[in-house]
Amino acid sequence: MTDLPTAADETPDYRRRCRESFARQPILATLKATLTVPEPGLAIVEIPHDPGLLQQTGFFHAGVAATIADSAGGFAALSLLPPGSEVLAAEFKINYLAPGRGERLRATGRCIKAGRTLSICTVAVHALDGGREVHTAQMQQTVMRIAEPA
Amino acid sequence: MTDLPTAADETPDYRRRCRESFARQPILATLKATLTVPEPGLAIVEIPHDPGLLQQTGFFHAGVAATIADSAGGFAALSLLPPGSEVLAAEFKINYLAPGRGERLRATGRCIKAGRTLSICTVAVHALDGGREVHTAQMQQTVMRIAEPA
Amino acid sequence: MTDLPTAADETPDYRRRCRESFARQPILATLKATLTVPEPGLAIVEIPHDPGLLQQTGFFHAGVAATIADSAGGFAALSLLPPGSEVLAAEFKINYLAPGRGERLRATGRCIKAGRTLSICTVAVHALDGGREVHTAQMQQTVMRIAEPA
Amino acid sequence: MTDLPTAADETPDYRRRCRESFARQPILATLKATLTVPEPGLAIVEIPHDPGLLQQTGFFHAGVAATIADSAGGFAALSLLPPGSEVLAAEFKINYLAPGRGERLRATGRCIKAGRTLSICTVAVHALDGGREVHTAQMQQTVMRIAEPA
């Protein structure tokens, strides 16, 4: 895997590019997700509690945590890639550390390797529960760079 | 990991127990999912196409495939466990093999090891697209047995 | 991921190509490993018991099972790729199902998707213990195609 | 997963306990590995270059990086568990970020969740190559607590 240049002039408009990709994804609207990209390589996706997203013990379903974690990692990678890039999940692995219970679920993705073909990210998922932040899941993910759809 | 007995008399009513767990999970109703448990250790979760579940290139979002795959694996494990068991995802890993495009998405989970504490499953996800079945994702998963909620 | 042609004329000499790659890997000699490639997409790597490969409870170390599983998956993928290809592990995930104890450890890898860039394999590891075969580990793996070293 | 107390009085002698487990593992002697446990929850396993551990392109084999990463994570977890505990790998996932080339390979494991049954660790593997440290692999791992062998 060849390293990509990640200098500032290679990632202009990284926030705009992430916002535009975000806006093209109906599922993120369905989940009422919000996106923040504080800096290149770091992206945060957050959703509010929704009774329709729970599993049998009243917590956010594991798949919901996986969905926003996958998105946060994807945007973290995208923010480091050259303009014109788009990314797809190649694979990920997620561990569940504690029940995902509370008012909000937040996924914080960091890209630890931006590559020409594959980028690797780690994502921490926290449940915000009455003022407490509980580390509820941890993901390690590979995203693949593709050409942006015309 | 100690093996659990999986003889027929240890898994009575496995279909009923899976159906009841299924009915307690709001997210499965949200996704309009259906469940089939043809035999102990094998469970199929299927959802119809829904524009609200897509990502930026018009395919089912990776997280949606992960959600139904995680459910299918969970039910496959549950069907082999003694009455009174409930399961939670401990962790899973999923690879995306081909775009998840089409009228339906189907996850077929098999439990390859039913353990007292941990059970291991593999899950294949297929997209049903105009008469074709495309193997779109593959999961390997660990579920943890807990006491059924009172 | 674009599918590669896997017709017979695209995988000539797949056994020879796997044998040559095998012979270039000192670690496989260190482990006294043997390789069998019964058909394109299927590869078996087996090692004998060795006191120097055990962990603290007297079983094969988890890393040893991972090493031969990673190799078996790599050869399964290589056998389907065009002549001139070489592969490297991009990532894998392995679950341990039962103690790896016995005279031999055998990894059976199948390539479930041969792609131009990424190939996906599943690998089962069995311990051969006094006539019994115990399914001791299960891997899901991504290998990346690179140009064969000159 | 119930949290375990990890206060200082619950992890006395954590270095001695890790050293004793280390000394019982023949594979770590085979690899000429060294272990450092700077603090509870953090463990470092390092090995020197050895021609017998390489793959076909002259780098450390992926399985070797996985073996020492699995060990480092296991010791990181063990150092946080009550005396009398022993751990086994339940599963792990590892991504390869860059070729593992150089004089030494070092795995740094951190336990991000110490649980009564399952503990979760992340492990970074670096190759030390002529004064440079290259992040060559990243693991996310689950270890299972068992009773210490008598």
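So that you can tell them apart, the chains are marked A, B, C and D in the order they are listed, and the count of residues begins at 1 in each.
The definition used in the following text is that a contact is a pair of C-beta atoms (placed from the backbone, for glycine too) under 8 Å apart; a residue touches a chain by one contact, two chains touch by 3 or more.
Bear in mind that the values here come from a model prediction, so they are computed numbers and not experimental data.
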Chain whose Cα centroid lies at the greatest distance from that of chain D: B
Equivalent-chain rotation between chain C and chain B, CA atoms, steps of 5 degrees: 180
B-D or A-D - the one linked by more C-beta pairs in contact: A-D
For chain A paired with chain D, centre-to-centre distance based on mean C-alpha positions, whole Å: 28
Euclidean distance of C-alpha centroids - chain C vs chain D, Å: 23
Centroid distance [mean C-alpha coordinates] between chain D and chain B, Å: 32
Numbers and ranges of chain A residues touching at least 2 other chains: 1, 90-91, 93, 95, 142
Residues of chain D defined as touching chain B within the complex: 1, 90-91, 93, 117-118, 142, 144
Parts of chain B lying in touch with chain C, wherever the complex brings them together: 1, 93, 95, 97-98, 112-113, 120, 122, 135, 138-140, 142
Residues of chain B that touch chain A when the two form their complex: 21, 24-27, 29-30, 51-57, 61-64, 66-68, 70-71, 86, 88-96, 149
